[in-house]
Structure formats: structure tokens, C-alpha cells
Amino acid sequence: MTSLAMNKPDSRESSGKREAIVSIRGLSHSFARADGTMVTALHDISLDVSAGEFVCILGRSGHGKTTLLNLIAGFLPTKQGEVRVLGRPVVSPGIDRGVIFQRDAVFPWMRVTDNVDFGLRMRGVKKSERDRIVTKYLGLVGLSSVAKVWPRELSGGMRARVAIAAVFANDPPILLADEPFGALDYVTRRQLQVVLHDLWRSTGKTVLFVTHDVDEAMTLGTRVIVIGNGAIAADCSIDLPMPRTDDVIATEHGLALKHVLLHHIGLE
Amino acid sequence: MAAADPDLPAVAGPVGGDQLPLWRLEIGRFLVAVAGIAIFLAVWTGAAALMPESRLVSPAKAAEDLVANFVFSPRLDVFGLGDAGYGLLMLYTLKNVLIGLSAGAASGILLGVASVFIRPLRAAIDPIVLVMGTVPVLVAAPLFLLWFGIVPFTQILLVAFYSAVMMMLFSQKAVENLDPIYERSAMTFGATLSQRLRHIFIPGSIPELVGGLRITLASAWGLEVFAEILGAPSGIGQAIKALTNLNNVSGLLACVVIVAVVAIATDALLVLLARRITRWAR
Amino acid sequence: MSAGGRPSLLVRLRAGLTVLAVLVASWELLSILVTAKGSYGEPLVPGWSYLVRNSLLRMSDYWDGSFGVPSPANGGPPTYAAAFLALAEASAITFARLILGVGAGLIVGVALGLVVATSDLARRLIAPTVHILRMTPFLAMIPLFNLWFGASTVGIVLFVAYGVTVIMFIGATNAATNVPNVYFERAATVGASRAAVFRYILLPAIFPEIRSSVLLSLGLAWSLIVAGELLGAQSGLGVIVTYALQFAYTGRVLVVTFLIIFYAGVSFSLFEVISRRIIDWHPQVERRLR
């Protein structure tokens, strides 16, 4: 099966014909600990992501996934190597890259609508246009009934829906997500995976989704990049049919893929 | 979304304890609070009964004195305060505190917030704040008195100076304590620095600023009264000074009660006002 | 530009010294520009040399002539030795009052707070009274304390102790009610006695929160002691200011003011160092990502 072929990132050919929307070359990053010693978080990462891909970045905690995402988002300065988005080097956060954060980043001092409306307002979009977009996305994530509510009155899962709606309303070509459902219960997480996946399929955005959960990566991704010890340990396309129900993943092919991922993440 | 599950406990409702209805709980608490104040007044009355009138008088006596001297008080006349009563003198104090607090707090907040974003300003302000934040600001009262004389400006300046230092500290902290994730998030939505200031930093730090303002206001009363005792053309502090010279305990207690009532009332007003602005923060 | 963290120690030190130098220089400049004099002929803005050669030297006026160091009060010449002795004596008196007042207030406030915290009813019963006492400006009560206990050391110590007690009482009840119940439950599972729970659970658990109340009390205590001595005392640093105020000796007021600012700063730093040692175990919550 071609999908099981483990390719080095540079020799990837399966989707290499299309223009890369995110392009990373020789990216390394290290931090200074409080005592002054340096820790290498990422080591010589090279990676191309094509438009429309749903890339899951899979790995254990503390192995550099979040650092990689923060570099692409522009939260951290690139010290060594290069990160290009839409052909331009990343220097700061920008509206071409929407971010769904690991922790709750919904502004508590704005009502749900104002949170979803925020990016549009910052860009000076006309009020009538904003209202139309906000109503649409609140409906798509199932929050129409709580539009005028303060975030503190919502559950964690509903606040995650607000974050998703806010990002999609702003319509960035690229979406970065850092374990956005990590703190949610199993049922809520599964529901939100469906919400996000449906929105991705209907909008055709490019998604980079960080997770430590193999099942989540297989449910969502068209491609899974395993990060281990700050380097790319594996890069697999997931060519399972969508939607990825449990039955799809439990096929012989799905289980074979899962074993490969488990192997690279450090189990088995 | 899933339909309500009958097996799940209700999310809303009183948390923990007995399943008393909320209103009964509130009334119970109110009664306990009233009982607490009643005990306080009873202890005060008892202590007054044990002591000579030149030392302590009962709350009833103090209240009597307060009412009798609220608008006009001839006994203060000999001290050059005219026949103004405690209430009228308190108006002077109230006016000074409000002017001093608003001027001081406004400049303090402005400088404090700006210093978080402008490094050189921060470098200049930090050492001053570091020292002034620990210094009992009232040590400046005698100096202000020498420099500016017995005029309202002397007391207003002291309150304003104190409020500025305190609010500079509080606003710096409030902005810095704001979770950086909000600024990051705003940046991914393309918010500029001024937009972030207006939509993120200012609303996000208001709850802490209100807390700081309450602490500052509470101390400002004492500072103003102290400055007035030291030397002022009018004010409740001057009444306190005069009554001290007269050894008049009931009058002294009445004046302290007036200051306390106004302090508590203005604090409650501030809380009410803040609650309207920060409805999002429960 | 985004919200930055605190600059490094070196940068802060350099900035601090620069600001200090600028302040010292501007004061000198101001003293040259403002030549107005007070009602007894003293400059309202005395320059540095006047402050050292006149105001500091004349502190010897407040020396009583003991230890064979002559005092101007007894017809001797003003000397720096007498000036320093006068300041040292006044400082010692003020310090003693401060320590006694703060110490008594800490013990009584924390003890009362912990007792009340054990009962929900007691806490609710006393809460409104405590709120009233907290909101009644302490400084407005100085004349009352003078009247009750005399304008003496006892009156001032009790006044400081009263203020500190109120603050510490509130701090202690809040801290005790904020201790997570799970700690007490865990102690109960190993059969800890009441005394053991108090010693090994309650006291260490409330310390970090109590610490900020103590810091607050220390600041308050400095204000209370200065105000208390200014408005009624026969000795101490505040009294020097009171005397100087009567003759509009701006320079002398300034000397004592600087001294108090210095003392307050030192006491705060000392407190920081000591309390940091005690709460070494406390997990520092890293909220900022950098």
C-alpha cells in the first residue's frame, strides 16, 4: 500500500506537485532554561504542506509539537532555518493563519457574538456583512441560541465551539490548532472533531492540528506527521475514506496504519 | 446537542450543603449579619456603661451628638470653623477626596498602563514606584503643609499623589497579570497595538483595577482626615482636632462614625458601578 | 510592540541609579530657583549642602546631652555626634513601638482569625463588624487612642496593634477558608490529631496568603506609627517633625522624611528575604509563557 510508505519529508512525491502553502526548511529551535542551560526543542525540521491538507502533528508531550506550531503561528521568532507561509517568511502572527489555542482563549469580557465578530471588527468589515457571517458560523457550530451570552456561562465544549466559529468567521486560508480538545471529555471531543472536520471539508482550508492522541489524528488527518525528540519521526498519508467512523479505522488497513503510528510515537 | 439527561444532577442551583432554597439562604445570612452588628453595638454600649463619660460614650449618645451637630455646631465656632456642623465639614472632606482620587488615579493608571508598553518609561517609573510603593505617603504631609500652606490644595495633592502611586502599581500589575494568551489570540485576528489596548488590555484589566481603586479609596479617607488634622481650612479632620482639644468623646466618636459611613457608602457605590461594567466576570 | 516582561536586574539597577541621580540634581536645581523662605527664615527648598550642614547638624537640638556628648539645649555647640545620637535615639524609640505594635497585631489578628475561621456561623456573624472596622479610617482614630491611652508609647503601640490586628484578622480568615478541603481530608485518612492538622496542614497552607497580609500590615504600620507620633507623642521620629513643623524648619522635616523612607524600604526588603526563605516550597505558578 502506498499509504504505508514512510517517506523522508524532502523526498515526498505524493502531493509534491502542488504549490506548498506552508514550507519549512531546516528549522531548529532551542530554549534557555532558568538555570541557563539550553534545551533543543526542534532539530532540523523540513516540511511542505499543500493547500487543503489536514495535517495532524502527532507526538508525546514535551517533544516539540507546540514549539513547531508556535513558530508557524509567529509567536516565537525563527532563529535557525526558515518558515514560509504563502511564500512569505513568517515574522509575526497574521490574519492568514487562524489559531485555536490549547487553553481557553475566548475573551471573557465579550459576549459570544462579539467574540466571533472580533476578527472582522478588527479588519473594519461592514456591520451588515459581519452580522451575516457571524450568524452563519454561530449556526454552523450550533451556538445560535447562546449568541448573547457571556463566555463564563458556557461549558468548556461550548467555549471551544466559540473559538472554532471565531476562527472560521475570520476566514484565514490556514488554520493552526494546538490540542484544542485536549481538556474536554470524550463525548464532547468526538462531537467537536465532527464539527471541525465538517467545517474543514466545506471550506477547503489548510489545517495543521497538533495532538497527542493517535485516534484523533487518524479521525481527522489526511496526513499525520509524527514528531519525536524534536525531529520528524514519520510522515504518513492517511488514505482512509471519510467520514472516519470507528468502523473505518477498525478495518485491516486502518489498524495497520495505527500500528505504524503507535510504533513511531514510541509504543510497540 | 444531547438532550437533558434525567440522571444527571442539575448544573444550576445552590452548591453543596442543604438543599435550602436560595432566597431562604440569603435571608438567613442577612439575619446573621444584622445579629453581628447588634452584638457589636451591644458590646460597645456595655463597655461605655463601665467607663466614665470622659472616656467612652454609648453608640446612642454618639448618635445623639451626631444628629444635634450635623448641620450646625456652635461649639466648633471658637476654633474658627464657623457654625458649620459635622455634615457640612464632611462635605469639604468628600470633595477633596473625590478630586484628589480622580486626578491621581487617572494619571496613575495612564502612566502605569503606558509603562508596560514603553520600555524607557518603565525604566524611569519602576524605581520611583518601587520606592514610593513602600513609603508611607503620609510622610509627605508635613512637607506639603510647609510648601503650600493651609489651603485645600495641600490635602488634595496628598490624596492625588497617593492615588497616583497606588494606581500606577495596580494598573501595571493588572495589565501584566492578564493572561498573554488573549493578546496572542487578538494578534492572530490581526488586531493592531491600539486595538489590542482598547479591546484586550483595558477591558481585561478592569476587574483588578477596580479592586485597586477600592483599596486606594479606603486609604484615601484616612489620609485626607490626617492631613486635615495636621492643618486645613475646613473639613471633618478640623472638627476632630477641635473636639480633641475639648476632650469631647461623643463628638469625636460621631465624627469617626460619619467618616466611616461615607467611606462605606462610597465603596459600596464603587462596587455597584463596577458590577455594571464587569458583568462578564460574575 | 507587545507587553514586555520586567527588564533584567542590571538594567533596572542602572535605571534606578539614573533616576536617583536625576532626582538629586533636579532638587539642587529647584533649590537654586526657588529662594522663598518659610515664616522663620528657613529656605522652603533647602539645597543638599544646607541639608547636611544645617538641618542634619541641628538635629543635635533634640539631644539631651547624655554620654558626655554636649547638647545645644544645655548651651553646648551643635555637633554631628549629638545629631546622630538624637536621630538614633528617636529611631530606636520608633522602631521599638513599631515592632511591639506589629508583633502584637500579628499574633492577635492571626489567632482571632483562625479561631473564627473554624466556624462558618462565627465568620458570618463577625463579618459585617469587621468590614465596618476595616472601612473606618484608622488615621481618623488617632485622637481617640490618644484620649483613651494618653499621647504616649502605650497609646501608639496599641494604635498600631489595632490596625495590624484588623488587617491580619481578615487575611487569616480568608487564608484559612481558602485552604483546599482535600488537604484536611487527606490528613484525616491518616488519623492526624487536631494539633497535628493545625501544625502540619493549616499553618503551612495559609502562609503564602498570610504573607501578603503581613506585607500590607507592614506598610500600614509605618503610616500609623508616623501619623501617631506626629499627632501625639513625646518622643520618636514623628516628634522631631512636629517640632520642626512649628518653626517651619523644612530642612529638618526633610531629613527625618528621608530617614523614614530609608527605614521603610529596608524593612520591606528584609521582609522579602525572610519570607522567601519560609515559602521556598510553594510552587511558583508560571503564568507567563516565556
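Points worth noting:
Read from first to last, the chains carry the letters A, B and C; within each, the first residue is number 1.
As a working rule, contacts are C-beta pairs under 8 Å (C-beta built on N, C-alpha and C of every residue); 3 or more make two chains touch, one makes a residue touch a chain.
Predicted, not measured: the structure shown is a model, and the values here were computed from it.
The chain pair with the larger count of C-beta pairs in contact, out of B-C and A-B, is B-C. Among the other chains, the CA centroid farthest from that of subunit A is the one of C. Remark: subunit A and subunit C have CA centroids separated by 53 Å (rounded to whole angstrom). In this assembly, the C-alpha centroid of subunit B lies 20 Å from the C-alpha centroid of subunit C. Distance from the subunit A centre to the subunit B centre is 48 Å, each centre being the mean of its Cα atoms.
Annotation for subunit B: residues touching 2 or more other chains are 179, 181, 187. Within the complex formed with subunit B, the subunit A residues making contact are 73, 75, 92-95, 97-99, 101, 103, 105, 107-111, 118-119, 122-123, 142, 150-152, 166, 170, 187. On subunit B, the positions that touch subunit C within their shared complex are 29, 32-33, 35-37, 39-40, 55-56, 116-117, 119, 122-124, 126-128, 130-131, 134-143, 145-147, 175-181, 183, 187, 193, 196, 201, 218-219, 221-223, 225-226, 229-230, 236-237, 240-241, 243-244, 247, 249, 252-253, 255-256, 259-260, 263-264, 267. Residues of subunit B that touch subunit A in their complex: 1-2, 179, 181-182, 184-192, 195, 199-200, 203-204, 206, 278-282. Interface residues of subunit C facing subunit B in the complex, by the touch rule stated above, are 1-4, 6-7, 11-12, 15-16, 19-20, 38, 44, 121, 124-129, 131-132, 134-144, 146-148, 219, 222-223, 226-227, 230-231, 241, 244-245, 248, 250, 253-254, 257, 260-261, 264-265, 268, 287-289.
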